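Input: a single structure, listed below in structure tokens.
Note that the chains take the letters A, B, C, D and E in the order they are written out, and that residue 1 is the start of every chain.
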Amino acid sequence: MVGLNEWLILSGILFLIGAVGVLTRSNGLILFMSLELMLNAVNLSFVAFSRFTGRMDGQVFVFLVTAVAASEAAIGLAIFVNLFRLQKSVDVDQLNSMGD
Amino acid sequence: MESGLLWLIPAAPLAAFVVNGSVSLATSRPGRHAPHGLVHAVACLGPGIAFLVSVWTFWQLHGMPEGSRVLTQHVYEWISSGSLQIDVAFRIDPLSGLMLLFVTGVGTLIHIYSTSYMHEERGFARYFTYLNLFMFAMLILVLADSLPLLFVGWEGVGLCSYLLIGYWYDDPEKASAGKKAFVFNRIGDFGVLLAMFLIFWTLSRAGAPSLRFEDIRAHLDAFSPGVATAVCLLLFLGATGKSAQIPLFVWLPDAMAGPTPVSALIHAATMVTAGVYLVARLGFLYALAPMALSIVALVGATTAVVAASIGVAQNDFKKVLAYSTVSQLGYMFVGVGVGAYGAGIFHVFTHAFFKACLFLGSGSVIHALHGEQDIRNMGGLRKVMPVTFWTFLIATLALAGIPPLAGFFSKDAILWEALSRPNVVWPWLPKLLWAMLLLGAFLTAFYMWRLVALAFFGTFRGTKEKLHHAHESPWPMAMPLVVLAACSVIVGFFGVPGFLGGSNAIDHWLEPAFVAEGHTAVAAVAEHAAHSAAAEWGATGVAMLMGLLGIGLGHLLYVRRPELATQLAARFSGLRRVLAAKYYVDEAYDAVVVRPVRMLSDRVLWRIFDVRIIDGIVNLLGGLTKAFSYVFRFFQSGYVQTYVFVVVLGVLVLLWRVK
Amino acid sequence: MITVPAWNSEVWMLLAPMVVVCLTAVLQLTLDLMAGERRVPSAWISIGGLAIAGVLVLGRWEAPLGQAERALGGAIRIDNLTVFLTVLILGGAALALATADGYLDQAKRGQRPEFHALALFAVTGMMLLVAAGELMTLFLALELLSFPTYVLCAFRRDQLKSSESALKYFVLGSFASSIFLYGVALIWGSTGTTVISSLAAAPESSLLHLGTLLLVVGFLFKIGAAPFHMWVPDVYEGAPTPVTAFMATTVKVAAFGAFIRVLVGFVVTQSMPTATALAVIAGLTMIVGNLSALTQDNIKRMLAFSSVAHAGYMLVGLAAVARSGWDTGAVAVLYYLAAYVFMNIGAFTVVTLLSRSAEGELQFDRDWSGSARRYPFLGIAMTIFMLGLGGIPPTAGFFGKYSLFKAAIDAGMMPLVLVAILNSLVSVYYYLRVVVAMYMRTERTVIPGVLESLAPARAHVLQGPGAMAAEEMVAPPRMADGRAWMANAVVAICLFATLWLGIGANLGALPGVSRVIDWAELAASALR
Amino acid sequence: MGLLSSIVFLPTVFALALLLMPRGNDRAVRVLALVGMLVDFAAALVLLARFGTGSGMQFVERVPWIEHFGIEYHLGVDGISLWLVVLTGFIAPLAVLGSWKGISERVREFHVLLLLLQTGMMGVFMSLDLFLFYIFWEITLIPMYFLVGIWGHERRLYAAIKFFVYTMAGSLLMLVAILALVLQHQQQTGEYTFNVLRLYETHVPQSQALWYFGAFAVAFAIKVPMWPLHTWLPDAHVEAPTAGSVILAAILLKMGCYGFLRFAIPLFPEAAMAILPVLFILPVVGIVYGALVAMVQPDLKKLVAYSSVSHLGFVMLGLFAFNRQGLEGALYQMINHGLSTGALFLMVGMLYERRHTRQIAAFGGLAQSMPVYSTVFVIVMLSSIGLPGLNGFVGEFLILLGAFHEARPYAIVATTGVILGAVYMLWATQRVLFGKLDKDENRNLPDLGRRELAVLVPLVVMILVMGVYPKPFLSRMHDAVGDLMAHVESRVENQRRADLAPPAPWDVARQVDATGKGAR
Amino acid sequence: MTKRGALERVLFYLFGGLAVLSSLSMVTRRNPLGSALSLVVAFLSLAALYAVLKAHLLFAIQLWVYAGAVMVLVLFVIMLLNLRESESRPQPLGFGRFAIATVAVAGVGWKALSVFAEQTGDAVTVDDSFGTVAGVGEVLFTRWVLQFEVVSILLLAVIVAVVVLVKRRA
């Protein structure tokens, strides 16, 4: 049997990889994908908890989160598209017109 | 006894001050002129009325039984705070009565004199305003029944002195002299203030908080010897300021920058004697502090000699007189310092007349010579200005202590008292005092005769033009001279000592003012050692001899053999220079006090402490805050991933610290 | 086992305010389609919708928790706290949106209805957020308020700053919501429930602690507490000014409201050093916010950092709640929120009014020199707002700070109060800089911002004596010159509120400080 | 609306009226502002006339305000605040009149701010609720800040900000102390109140009381300003427009002294007594230091500013002496300083209007071209250096006398201030008024005009009256000062009894003082 | 039971490892297209893991929504913007950025994962409806119906939002 701890650790690792991606990739799209990965990592832990407690609420949460993630994708990509129109790039390293 | 009229004495000059002040202000704008007649009339009327009332009061006082000769008037409550109650209340006893008499008398004369002397001045209304104010303040000083009220007059006369010295304010030196006078007086006032606080504190502890002279006299038991000494020395500090004694004497010669009548009135006859008056007024307190008295006497004697020696080397007509005044004030302090208040005040009294006469005479000369003050440019005025000459001569002889003029009696009284009264603190003091005073007497006679000789004898050394214009002064100037000269002859007879067959009326008159009833300590000091009349005769003779010697030497050097004087001057040129430069006291003050303090204030306190340190800290705090601002802004890089990174760091720290 | 919510009228009444706002958003879009070329008074529609919602929600004041709430499984709690916060949100939104039309016209940006619709959706999210009694609902509400806000930030599509701010907000916001969500996951996983009231009784575990921590981080991000504040300045600066006003106020109210509920609901009951942590964060937030604001030249950026600082002040109140458990801290925070809404919307509206061509001339030191002379009302108003933000009597800001400090002292947190005091002092300096610029510097005749924006060829032509006239010609009208009465009215309302909430006494129907405090206390009593 | 409220808010009403006036008519603005100030002064005079003897507060107005926190709108006046109210009323019209010509820009705003400032100052002196007091206290800051910042001179921005931040620093500390005190009171009595009179009875443990007193003291000391927290003052004074300087010197600084008298000392008497040596040292240093630094100032206005540091050192010394003479002297000196320094600033302003410089070196010999001005200047200067017969002496004398009772060494050093005061004032007078009129610019300076006379004559008259006949002023202080002393003494006595400590030397003198009073 | 357990373990490590590897690949690809494809693999692995966890509905949803819709959207945008080697520029923090980020994240991970590692517990036995459309649907539409509605509003808002952002100028 795979223990809850293992599931959680897997979820955690994925989350952390996503975090590293957000931290390091200056390509906006890859950064964005990393964010999606983080949400998915959380989803995994929801499902794992659901499985280990027998409550299906966790799966409902995943359902809801998936919808949110899709929305996030739409919004995020729209923002990128808009930005690309202005900047001809989605490189976040080029984005510091503000800042001290 | 309550008297309803005392208020009139100060009020009259005050009213004159108000009127003249208004006139002066109203006509101050260019192109306007104050009416001479009105100003003169008002100006003279003020002190005149005061004089008349004073005479009347004096008469009344005289008519009262000895020992209870006190007239009082409570005018209104001035300051009242808790146990402190200071009233505007007047009190005339024999001492203040006497002072009153000659202050108003001489004052009136000098007002009259001034009407002529200041006739050409554009600002004469202002002059009389100040002069009237001075009379008011001086009368308050004399009439006050408490120390604070006396202090009002005390500072008031200082103010007027300041204003009048700086009367010709457009001359920076004159304005500066006024300031100097005020500041030196203030140093003295510092002492007076502290003395008042100490007295009040002492009396508070004794359960009788007050600053009235009567109350102080009634609670002398409250003063321990130490406190009494402290109070007396503090008061004496005030006296040295006002009466130009060492170490605060340097302002008085400079004060000659004022118009000459002012010098006569304020810086010779009245104000400068206020210090003596103060010591005499609180004589019962000084009696508790023999040490303080001895110091007073010693300082007085030293001043007498030092000032006289400086006077020898001065060439400014008025400066000579000024040093003479300082010197004579020293005599007065010796008088009061040895406990002979009567003698001291007697000298104040006589000095007022002959010194005023001398100053007015000098004014007459200066007036005639259109402002010439250097005696080296004078000479032979004897014939041009006979009235001035003769009155001046009389006054000079009086000052030199030639019998039977006024100065003789008073000076002799002091000399004798100084010699004859044993000193409990320093037994050797009487002889030393006597010797110094003799030296002073000799020098006085010498420089005075030098002055007379250079100014009135010989031939005129100034320009022809000046001689041509020189003339005898008009009657408003001449009349006071004559009156004062006459007084210089007469007033001495009020104090003819017993051994000369006199009754020493002044001493008897004044005595009740100095004695605290039933106070043993006072009695102990006041007790005369028994001396034979022969000794008194001898001492008097020596003193008189000194005066004659001085005159003789002066006559020899400046009338008979002027070349000898030149030779002597060349021989002792170093000494001459030191004397002419007043022992470099001014320079010493400048180097030791004025410059360092100014330097300290400017360079250290202001530019370093205030601006650099305090403000520096304030600004540094501001600057540091701003610097931190830039530190934080450095992290606000504008890169989104930096922000994410900081979030992760935040989580990291929270995880590791909180969990 | 599973309670089926009875969706009866009672439930609908409960949700009615949110529904109304949501429908208003839809109405905006529909009307736009139907109106064609005609101008739709979008702002008025929004205000109307918000007002109706306000009336509806006020009906729930002091109402007991009914069957309906239980029916929803604790997902929604319309208690006094909700009502108080909702009214604040609605009021703030109405004020912020009232200024939007003028701004958009000036910016020559269409899509006004969409703007309002998005904002109203966000308001729906906020209302839900403050009403949520369950973590998943909280999460959804958070996202519902965030997504439209991201887009609102990017509303000036033509401006790089606008898009950049949206991107930053989006990236960081998503990152933070992931963390938040992870927290929810762990909490649910360790306790089996996400309902706040049940969580209080749940057994503690390290997993729960971890989840709680992540949840709190999510909140701290939303309220802009250090070190999770770094998005604030860039986003506030880049976003269109009315959006900034909207974000800086309503979002903060919503986030703080929810945070208080969560905090008191189950965080403080756990054996974690919550109070200390909050105190440290509060201190750090104040320091970072104030010190960073100190040297800013861009007014919006300065106000952004100031809003960070204000989050710090309010965290002082929360720290006091966490320390003492008394609700005085919560009362203070609620009062402060009310004050903060008015002061900030007022300030940002003045910014809107004073910046020519929308988003120009924000370097207040330079661009606003002497502007109080031409716009005396705005000058006075801005001064009062700045004084208020600086916490100087007689303004709401002072009273807010006063009650916060009082709560903290009550809770025995004197050192924190002293830190706050020092910070107030620092803040006074930069708030006054604005006043200095407006009043004490001489008015500029040539506006560099305008000249720089011109092509170099034309700029040098303008150097000559004709520069003045040319400047008048090329400079687009300030909003203050044109259709700005609504914005001015907003300023006036905020001005009055800022003063009245500082020193007002109860005058008949007009609530004074005392009554508002009473209300805040009633609201906070819902936390017990 | 009660009398006190009228006095407080009449200026506000006039300020609002000014705001409603159409633009452009500066003269009407000035007249209206002047009328406003005069009406306020008249109200203050009514207060003075109706002020009765007896202890306790008079004309009390007490209305619940922010009930939730026990905050009340609570005004009252006793012999301590009475004169400050009257002084405030007296100075304000003169300040308006004094800036009739000097202010030509933004006239309306200027006067609105002056009127608002008036409200704030009046409020400070009348508030009996700590919270209300704090609000008024801070309110005064804002108009002053603008007055300096808008109508000031070259370095006005620096000065204005410095003034504001410096003062804020202190008052924020005070706010914390207020809160802590109120909390303490609540814990002891269960009553949440800001009523000063109630808070007087709060017992604060000494360890905390020292902190609270410190916080209050710093706030007030900055305002006074006490050395070494004085450096904002020269800057603010020099940069402020005339009216600003006048009000700053005459009234605002008194708020600090008043704060000590009404709040800091009676609230925490034990703490004050515990650090008495420090409280004596600072004013004494201030007296000497202020005088020395004033002496070397090349800028006339700065000189007057530093002289304020010195003069307020006297006030504070008297205050901390805390016996009847010291307290009444301090109160008296507050008024004196208001009159004389106010007048000096007005006169410096008049010079500035004529010559656009304040450098002493730019003048000289003005007595020739401006005799009336010079006369007034000299009178005011003499008042400032405490010449007997003028008002300054009465205050200084009482203060030093009082201080001498409590702390002789300090009093002795402080008395040197009398000398130094004369030095710098006379020197400045000499350089400005006397000497040769050798600068062409000064030759044709017009003397005082009718308006300027109208400004200065009331001041000079008061200077004279207060010097010659201080009784009506002092007698109205007696009851309030007595109350204050009784309160503090009983507090300290209680503590002493609790501590079983031997009586301090200063108390012996006080007891003697009390018996002396009885004997009279 | 053990056999099933073993199978589960194998599947867990297989898909778990795949998910981790593909995630790493996603994060480290230089080309966004490569990243996107890696992410698809990760999503698919996650879907498989959902299946292992008996979340059948979610398995499907994961395939449709993530691997399908979201990734198509991403790829579409990548194509639209024609993004290729866009990271040729030196980065502000260079390689250091990667190192620092990893350290920081590892620091967080160390603490968090150690908490996870403490978690024990076995999967509970569940009935057949667990994770099915019917089972999840029942819960969703009873207890979580309000949240469901909220999501619908969210989607509506997002539609408006996206239109606002990308609509061509009128």
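General remarks:
Convention: a residue touches a chain if its C-beta (ideal position, glycine included) is under 8 Å from a C-beta of that chain, and two chains touch if they have at least 3 such contacts.
Quick caveat, the model's predicted, so the values are computed rather than measured.
Taken together, chain A and chain C share the touching chains B, E.
Each chain gets a centre from its C-alpha atoms; the one nearest the centre of all protein C-alpha atoms is D.
The pair with more inter-chain C-beta contacts, choosing from A-E and A-B, is A-E.
Farthest chain from chain B, judged by C-alpha centroids: E. Look at where the CA atoms of chain C average out and do the same for chain D: the two points lie 43 Å apart. As a whole-number value, the distance joining the C-alpha centres of chain A and chain D reads 65 Å. Annotation: 32 Å between the Cα-based centres of chain C and chain E.
Taking the mean of the C-alpha atoms as each chain's centre, chain B and chain C sit 78 Å apart. Within chain C, contacts with two or more other chains are made by residues 136, 140, 143, 147, 150-151, 154, 157, 167-168, 171, 175, 206, 210, 233-234, 292, 429.
Across the assembly, chain D contributes residues 165 that each touch 2 or more other chains.
For chain A, the set of residues that touch two or more other chains comprises 8, 18-19, 22-24, 26, 31-32, 48, 52-53, 57, 64, 68, 71, 75, 78-80, 82, 92-93, 95, 97-100.
A list of each chain pair in contact follows: A-B, A-C, A-E, B-C, B-D, B-E, C-D, C-E. Listed in rising order, the residues of chain B touching chain A in the complex are 633-634, 636-641, 644-645, 648. Residues 92, 97, 100-101, 104-105, 107-108, 111-112, 115 of chain E are the ones touching chain B in the complex. Only residues 112, 115-116, 118-119, 138-139, 142-147, 150-151, 153-154, 156-158, 160-165, 167, 169-170 of chain E touch chain C when the two sit together in their complex.
Note for the complex: chain B touches chain D at residues 25, 28-29, 76-85, 148, 151-152, 154-156, 159, 162-163, 166, 169-172, 175-176, 178-179, 182-183, 186-187, 189-190, 193-194, 196-198, 200-201, 204-205, 207-209, 597-598, 600-602, 605-606, 610, 614-615, 618, 622.
Here chain E touches chain A in the complex through residues 5, 8-9, 12, 16, 19-20, 23-24, 26-27, 29, 32, 35-36, 39, 42-43, 46, 49-50, 52-55, 57-58, 61-62, 65-66, 69-70, 73-74, 77-78, 80-81, 83, 86-87, 89, 91-92, 97-98, 101-102, 104-106, 108-109, 112-113, 116-126, 130-131, 135-136, 139-140, 143-144, 147-148, 151, 154-155, 158, 161-162, 165-166, going by the rule given at the top.
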